[in-house]
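Take a look at these structures.
Look for subunit A in each of the two complexes below; its partner is subunit B in the first and subunit C in the second.
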Partner chain A sequence: MAHAVISCLHANLAAFQAVLDDIDQQGIKTITCLGDLVGYGPQPNEVVELVRQRAIPTCQGCWDEDIIDGLNACECSYPSQLAERRGHHAHHWTADRLTDDNKAFLAQLPTTLCRDKLLFVHGSPNSQHEYLLPDMNAFAALERVETAGAETLFCGHTHQPYVRELSGGSIRVSVQQSDSEEAREQEMILPMRRIVNAGSVGEPRHGNTKATYVVHDDTTGEVSIREVDYDVAKTCQAIVKAGLPDVFAWRLSHGFEYAERAEDASHVCER
Partner chain B sequence: MERWALVSGLCGDLDLYERIQSDLKKQRGIAHLFVLGDMIGPDRNCDALLTRLRQPKRGDLQPNCIYGWWEEQLLVAYGYRGEPAQSTQNRTTSIQELRKAVDPAHISWLASLQFGFIELDCGLIHGSSADVGDPLKDTTSPLILLDRLTRLDVNRLFTARSGQQFRLQLTGGQIQSKVKDPTGEQQREQAVPKRSVIGIGSGENYTLYDPASDRVEFLSVAVRSRLSNLGFG
Partner chain C sequence: MQQIWLITGPPGCGKTNWIRETLLNHGGTCAYLRLDGSTKVGLELGHNAGIDQSWLRDQIPQLQDLFDPAPSSQLSSDDHLVLIEAQQFSAPTPSAEGLDPQITQQLQQFNLTPDRTLHFGVDPELPKQDTLDFTKLEAWHLDLQGCVWDPNSLSSFWFELVNGAYGDVYRAKALMNMPDGRSFFCNWMVSQSGSQFLPLQSVVPPTGRPSRPSHLVIQGKGLIPAGIRSTINDCLLSDDVLELQQAPLREQQPNLQPTLPTPA
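Right after this comes the complex of A and B.
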């Protein structure tokens, strides 16, 4: 059976509606959302309410967490003070407008969802703030999936969709417990595991402006990355009209990574 | 090249610390002493040891200390660090004993200690780069050990939490990574880097390391004192 996995909606209602239409047209009934319903975009309440209305199982993303717990990430989250100021502005704008009911919904979201050997998280099993980028050290990437006890890990947070298959792995070690003892040689055969990044519905940064999500067939194991056109200009206008930083609209209209991601993406914030 | 001595789990035992200091004086070329946490513990008063670590006696090898699991528990209890772990009867009793064992005058010093040291291409940590309470052992999955090395980007990771003395060297292996994204598909092979995790032991068991030769020596003052008791001394 095919199911859709969406992530990083970022208060972009037009993109979210277009993705839902695309999912519905394929007759897919099961949707899982990997969080970041809010932040950057101009329609936080509308997006949260649509997720609730459709009863989509959802993990809590880093923006959802920050709106509830307050901004307590260290300054490593941003590459510059300017970017940090923009991020804080968007945070306060969102926190001011989000209804108490919708905040309560974000607060009760779990950090992980699990279905058989499929694990769903926002960033990584360790943290909503950790980026699993496609070029991350392959052994470290495998460790995230294996330690969590999953066969396939679905994540978001990077806004770049990809499917990564880690296979044919082994590690040879030599162990010594005392100076006099002969070293023992061992080999660990590593299991095949997959990481599927759903990209971003509401703030794509993969080089074009289309909203992205993935469809996974749990019978065949096949994963397809879907790209969906939506009315980008409509959301950009709403961003500017709302008084959110213009650069958010500029970035949305290009689909590029620009300025907001931490320089060291592998860094996990020590809170 | 100057050698390092690595010690952990003194748990307030000044007598043990003095025996290790005395043992180190007999070794050649020891230039640095690293105390990888758990200087304190709930079982005895720790003030004399903490005072000695902070104000070494003449002739002592100057200790470089980081915090360990027990220091973390005490700092949590005093509100210096995050949220306390789930409270159980045993834990509550241990923390009460720990608070009694350490004079509050030492708390700000304990709070100033670092999580770990990076010296040359080595990481020196109580637990691991993931957590101060992470007990790395010689039986820990090599995948996890490699991850802990990768997180710090070091070639050698010295750890104390498990209390074990061991050296585990990653000697070979590889993994295939295939990435498919909207622009296409890429495949590459990554080799296992030649790196090591070294368990330094705890309490009476400690470790010497020579960065020049990469030689590790596991020692114990327990064995030495037992042997000397067998003599005519």
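Right after this comes the complex of A and C.
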């Protein structure tokens, strides 16, 4: 049965509605959301309320967490002072406008969702803040999936959709139990695992302005990355009208993320 | 024998780069003068703010700046070359007819009579740059002396600036200070691919805010100065952050002392 996985809505209502329309037109009934409902975009309450209205099972994203817990990540989250200032501006703007009811909804979101051998997280099984980039070391990537006990790991956070198959992995160890025995070679063949990144509905970072999400068929295993046109100008107007920095609208309308990724994307802030 | 050449052309055609190359390749003594042309209706000249002079002086320390009232210690050689740079949108004739009257007047004040006049986009001796025929041009500039940039923020700001986040920018150039004491000549023109980020040869010690010239000059259409200012404010380092970044650099050079004001 086909199911849709969406991520990183970032308070972009027009993009979210367009993606829901696309999912509905395919007759897909099951949707899972990987978090970051809010942050940078102009309609945090509207997006959270639509998720609640559609009763979409949702993981907590890093932005959802920060809005509840406050800004306590270190500056390592941002690649520059400019990105940090903009991120903090967007954080305070969002925190000021999000209703208590919607904050309570974000606060109770789980960090992972599991369905059979499918695991759904925002960043990685380790943290909402960790990026699983498509070119991440294969052994480290496999470790993230395997230790979580999943066959397919669905994640977001990078805003770049991809499907990565981790196959042909093996671990070879040499075991010597005592000085009198010779070492024995052991090889463990690791099963094929997959990481599926759902991209971003509200803040694409894949080279154009289209919203992205994925459709997975849990019977055939087939994954398709969907790109959906939406009314970018409408969201840009809402950004300006909301009093967020005009440059956010410019960046969104050109397919650039609001703030670039940190230089060391694998770094996980532990503060 | 002294030669005096007048180099004219529209903004961003490569006058300063060509002058730099010519002076570096010249065997004798050399001098430089930059003249302001006239702003025409709808065509504003960029406020140069000494960026070109500072850049050329850094690259050619022995260069005599004819605008500098201090007498040069350099004796003119027999092979003395004076290059005069002037921004002018339309081309004068080789005999300097059609030269901007303000430029002519300034030349008279300096008692200079060019032996040659070369205009970008016209004279084949100059590189064939994709010079633009401007019909409308606004100009905006900002004095940044004493300001120090967060390097990654400067990269983001420059990307946004030259890609149209703050209006249609045709031309941007600047001298920008880094916390480690370096300064960069940043240069971009709409007709060129990519920006130049060229480090100045002179590096000041990381002991606070440098006093050397730092300026941003922009020409284009529909410029948004408030947006530019706002982003720049988010890119510049405060005293505390600057000190935080410079202190480890000074530890590597223990003879350096900070010059930042002590906190109250």
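Throughout what follows, the second predicted complex is superposed on the first by the 257 of 271 C-alpha atoms of A that agree within 3 Å, B and C clash if a C-alpha of one lies under 4 Å from a C-alpha of the other, contacts with A are read in each partner's own complex, and residues count from 1 in each chain.
Basically, a contact is a pair of C-beta atoms (placed from the backbone, for glycine too) under 8 Å apart; a residue touches a chain by one contact, two chains touch by 3 or more.
Just so you know, these numbers come straight off a predicted model, no measurement behind them.
*Asks:* Superposed on subunit A, are subunit B and subunit C clashing or fitting side by side?
*Replies:* fit
*Asks:* Considering only the touch criterion stated at the top, classify A:W250 as touching first (subunit B), second (subunit C), both, or neither.
*Replies:* second
*Asks:* Please work out whether A:A83 is in contact with subunit B alone, subunit C alone, both, or neither, and reply first, second, both or neither.
*Replies:* second
*Asks:* Can A:I171 be said to touch subunit B (first), subunit C (second), both, or neither?
*Replies:* First partner only.
*Asks:* Using the superposed model, measure off the angle between the directions from the CA centre of subunit A to subunit B and to subunit C, in steps of 10°.
*Replies:* Once the structures are overlaid on A, subunit A sees subunit B and subunit C at 90 degrees.
*Asks:* Just to be sure I read the superposition right, which of the two partners does A:C114 touch: subunit B = first, subunit C = second, or both, or neither?
*Replies:* Neither partner.
*Asks:* Let me test your reading of the model: by the given contact rule, A:A104 touches which partner, first (subunit B), second (subunit C), both or neither?
*Replies:* In the superposed model, A:A104 contacts neither subunit B nor subunit C.
*Asks:* Classify the contacts of A:P134 with the two partner chains as first (subunit B alone), second (subunit C alone), both, or neither.
*Replies:* The answer is first: A:P134 touches subunit B but not subunit C.
*Asks:* Between subunit B and subunit C, which one contacts more residues of subunit A in the superposed model?
*Replies:* When the residues of subunit A touched by each partner are counted, B comes out ahead.
*Asks:* If you take every C-alpha pair with one atom in subunit B and one in subunit C, what is the shortest distance in Å after superposing?
*Replies:* Between subunit B and subunit C, the shortest C-alpha distance works out to 19 Å.
*Asks:* Using the superposition on chain A as set up above, list the residues of subunit A that contact both subunit B and subunit C.
*Replies:* Comparing the two interfaces on subunit A, one with subunit B and one with subunit C, no residues are shared.
*Asks:* Touching residues of subunit B toward subunit A in the complex: what are they?
*Replies:* Of all residues in subunit B, those touching subunit A are 82, 130, 138, 141-144, 146-147, 150-151, 164-183, 190, 192, 216-218.
*Asks:* Given the complex with subunit B, which residues does subunit A contribute to the contact?
*Replies:* Of all residues in subunit A, those touching subunit B are 126, 134-135, 137-143, 146-147, 160-179, 183, 185-188, 190, 206-208, 212, 225, 227, 271.
*Asks:* Over in the complex, which subunit A residues touch subunit C? Could you list them?
*Replies:* So the residues of subunit A touching subunit C come out as 79-83, 85-86, 245-247, 250-251, 254, 260, 263.
*Asks:* Would you tell me which residues of subunit C are touching subunit A in their complex?
*Replies:* Contact set of subunit C toward subunit A: 150, 152-153, 155-157, 160, 163-165, 224, 227, 230-231, 234-235, 237, 241.
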